[in-house]
Amino acid sequence: MNYEIDFFYVLKGIDQLLEGLLVTVQLTLTSVVIGVIGGFLVCLMAMSQSRLIRLPTMAFIEVFRCTPALIQIVWIFYCVPMLFNVFLDPFVMGVLALSLNLIAFNAEAYRAAIQAIPKAHLDASIALGLTPLQTNLYVVLPQAIRLGMPVLVTNAISIFQQSALVAIVAIEDLMYMGKLLSTETYRPIETFTFVALMYFAIALPVMLLSSRLEKRYKTANS
Amino acid sequence: MTYTIDFLFLFEYWEVLLEGLMTSLQVTGLCLLLGLALGFLVSLMRVSSNKLIYSVSTVYVEFFRGTPVLIQLFWIFFCLPLILGTEISNFSSAVIALTLYMGAISSETFRASLLSIDKDQSDACVALGLDSLTKIMHVILPQAILRAVPTLLSNTVSLFKESALVSAVGMSDLMYIGQNISSVTAKPVEMLTAVAFIYFIIAFPLTRCVSLLEGKLIHKIAI
Amino acid sequence: MISSNAHSVKNAPNTALNQMGTEAFVSIRGLEKSYGPNIHVLKGLDLDMQPGDRIVVIGPSGGGKSTLLRCMMGLEEIAAGDITLGGEGYISAAPGKKGINKLNREVQKRVGMVFQHYTLFPHLTILSNLTLASVKSRGISRQEANAKAMSLLERFGLADKARAHPSQLSGGQKQRVAIARALMLSPELMLFDEVTSALDPELVNEVESVMLQLAEQKMPMMIVTHDMWFAKNIATRVVFCAGGVIVEDGTPEQVFGNPKEQRTREFLENVLHAGH
């Protein structure tokens, strides 16, 4: 191997990487918030009695679950400005793409969670005279979040990984900065390894926390 | 609207798109086979009592699940040649990266299905005096594989979607061709929509199969 | 009523010979088993089984009944003790070495066991469930195994289920298949671990009838059950197992009718009030 490992240049460029990391984290957190709330709303829409609401919603969910995230990002990036004749900040377009993707996956997660709610609870709501809105808000939503939590967290971690794709449309996230730095310093091994470790360092604690929470919920319910 | 939509021109490019699709499917298919084999081996390592084997396999799985596939791909494409001292084609890097990815996610699937088999089944094998080989080949493995199939199918769909990333290292897959033609013809809406549509009509039926299979297999995996 | 061949061996000496001078069929000495450092389930249990004995083990939960059966099948590592079967050494705890027992696999093959939750192989047909061990581990030809399996299924009235999967059978049918599966290997001793406890009440009868059939054919058995009425019908001996040892041992009439020990009396009062 004619390559000498030298992290010096990577550490010099740490500022760039941290800027990129900030963008990644902002992208992820914004998308996660929108995705968690939007996912629940879309899930309710997908369970609506009205065909007019239900069918397009289901189509939306399937399209965003069955196509690569990359094409979703690229599509929004190139087509939305052209189609709607608007100029949107790249960051906003990134959030849009990632949020829509996350909403679709979360809607599925909520659906599974809602179906897991014992029917007895819904019967009790009717017996207590709660309106549909109250039932949804006070009985369904808390249970759906509790039962769906493991999958919602997994989906959030997944969006964190997928956010790296926005580098391909030149949004200056961690991935983009990493690639830039690797070409500037001619040190791809150190740079990419370091960037990978940065992603890992954030994802791993969340993954561990999630499995610990899962175990706690499981024992609490048995 | 200053953009006029015109889907007809797509038909001129159907051959090229088909080629791209073939490349995507080939990469997916190859990585599926290699990834499943790898995943199965790794899952066995993950249930091993040997600390070293367990640690190595766990680090591998957690790392490949905990980092973006894009960086895995870039690392293999840019860094591996430098380490090995030889050139690696973009096809090879793509296959290596996606195989490692599929290996990691399918190993979790296999591991979960192995662990889901009741300890009682082992007791029954002891009570019947079954030798280890028969027990593994005829009792444990068949059940583990049957239970894993629906999730493995989901893993395959994920693999197919991730395959779009190989365009980022210059492989002429469906995504790459779609992007190319979009920019050449300045008609991204039609072309990218068509590409998305093609991915969809392949991935969607597969996801429907997952629920169908779960229903059909339930009589064989239920107690 | 089944004719009983009862020999009471309450004061059995530390050999495999009983009072009559004939060799005990199964001999258990000093059986100890713990789960972890604090949970001692079996605390030096002694028990002899005479040829033709059908022993029903009763006792409170956690008293060691199921663990006793599992140790006899070789499913658990024992901390101390010896088990012999037919005069041959079967299982003995290795002195000093932790956990690895000496297990005679040839003897183990002569013991059959049926579990509370049937534990059939769900991915195989009923017929394959029955023939798997014979064909793969005993070297019996498939035709012979199939023939024997079909005749067993016919005897139990389940011949039409041969090609079905376990999930298509009721609990009682599954348990009868489980018994047939154990019988395929011509065991010398059958162990039944609470085999009717998981069944709906109306299905218990069909399983107990099969066991009574086996009793008529003089199959030696050790049965753990909560069904006292059934115990009276099938047992040649009843042992009360509590606190990890055998507290009382005698004929059904003796143990149920006139228990000698206080603990036995208390247990029977609680159970018989709740049950039949």
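Each chain gets a letter, A, B and C, in the order it is written, and its residues are counted from 1.
Just so it is clear, contacts are C-beta pairs under 8 Å (C-beta built on N, C-alpha and C of every residue); 3 or more make two chains touch, one makes a residue touch a chain.
Because the structure is predicted, anything quoted here is derived from the model rather than measured.
J.: Tell me, which chains sit next to both chain A and chain B?
T.: none
J.: Tell me, please, which chain's centre (mean of its C-alpha atoms) is farthest from the centre of chain B?
T.: It is C whose centre lies farthest from that of chain B.
J.: Closest chain to the protein's overall Cα mean, using per-chain Cα means, please.
T.: Centre-most chain by C-alpha means: B.
J.: Which of the chain pairs holds the record for C-beta pairs in contact?
T.: After counting contacts between each pair of chains, the winner is A-B.
J.: With centres defined as the mean C-alpha position, give me the chain A-chain B separation in Å.
T.: 20
J.: When the C-alpha atoms of chain A and chain C are each averaged to a single point, how far apart are the two points in Å?
T.: 55
J.: With chain centres defined as C-alpha means, what is the inter-centre distance between chain B and chain C in Å?
T.: Spacing between the chain centres: roughly 48 Å.
J.: Okay, in this complex, where on chain C does chain B touch?
T.: These residues of chain C touch chain B: 70, 73-75, 105, 108-109, 111-113, 115, 117-124, 132-133, 136-138, 165-168, 181-182, 185.
J.: In the complex formed with chain A, which residues of chain B make contact?
T.: Interface residues on the chain B side: 1-3, 62-63, 65-72, 74-75, 78-79, 82-85, 157, 161-165, 167-168, 175, 178-179, 182, 188-189, 192-193, 195-196, 199-200, 203-204, 207.
J.: For chain B, which residues are in contact with chain C within the complex?
T.: Per the touch definition, chain B meets chain C at residues 118, 120-121, 123-124, 126-131, 134, 138-139, 142-143, 146, 218-223.
J.: Touching residues of chain A toward chain B in the complex: what are they?
T.: Of all residues in chain A, those touching chain B are 1-3, 62-63, 65-72, 74-75, 78-79, 82-85, 157, 161-165, 167-168, 175, 178-179, 182, 188-189, 192-193, 195-196, 199-200, 203-204, 207.
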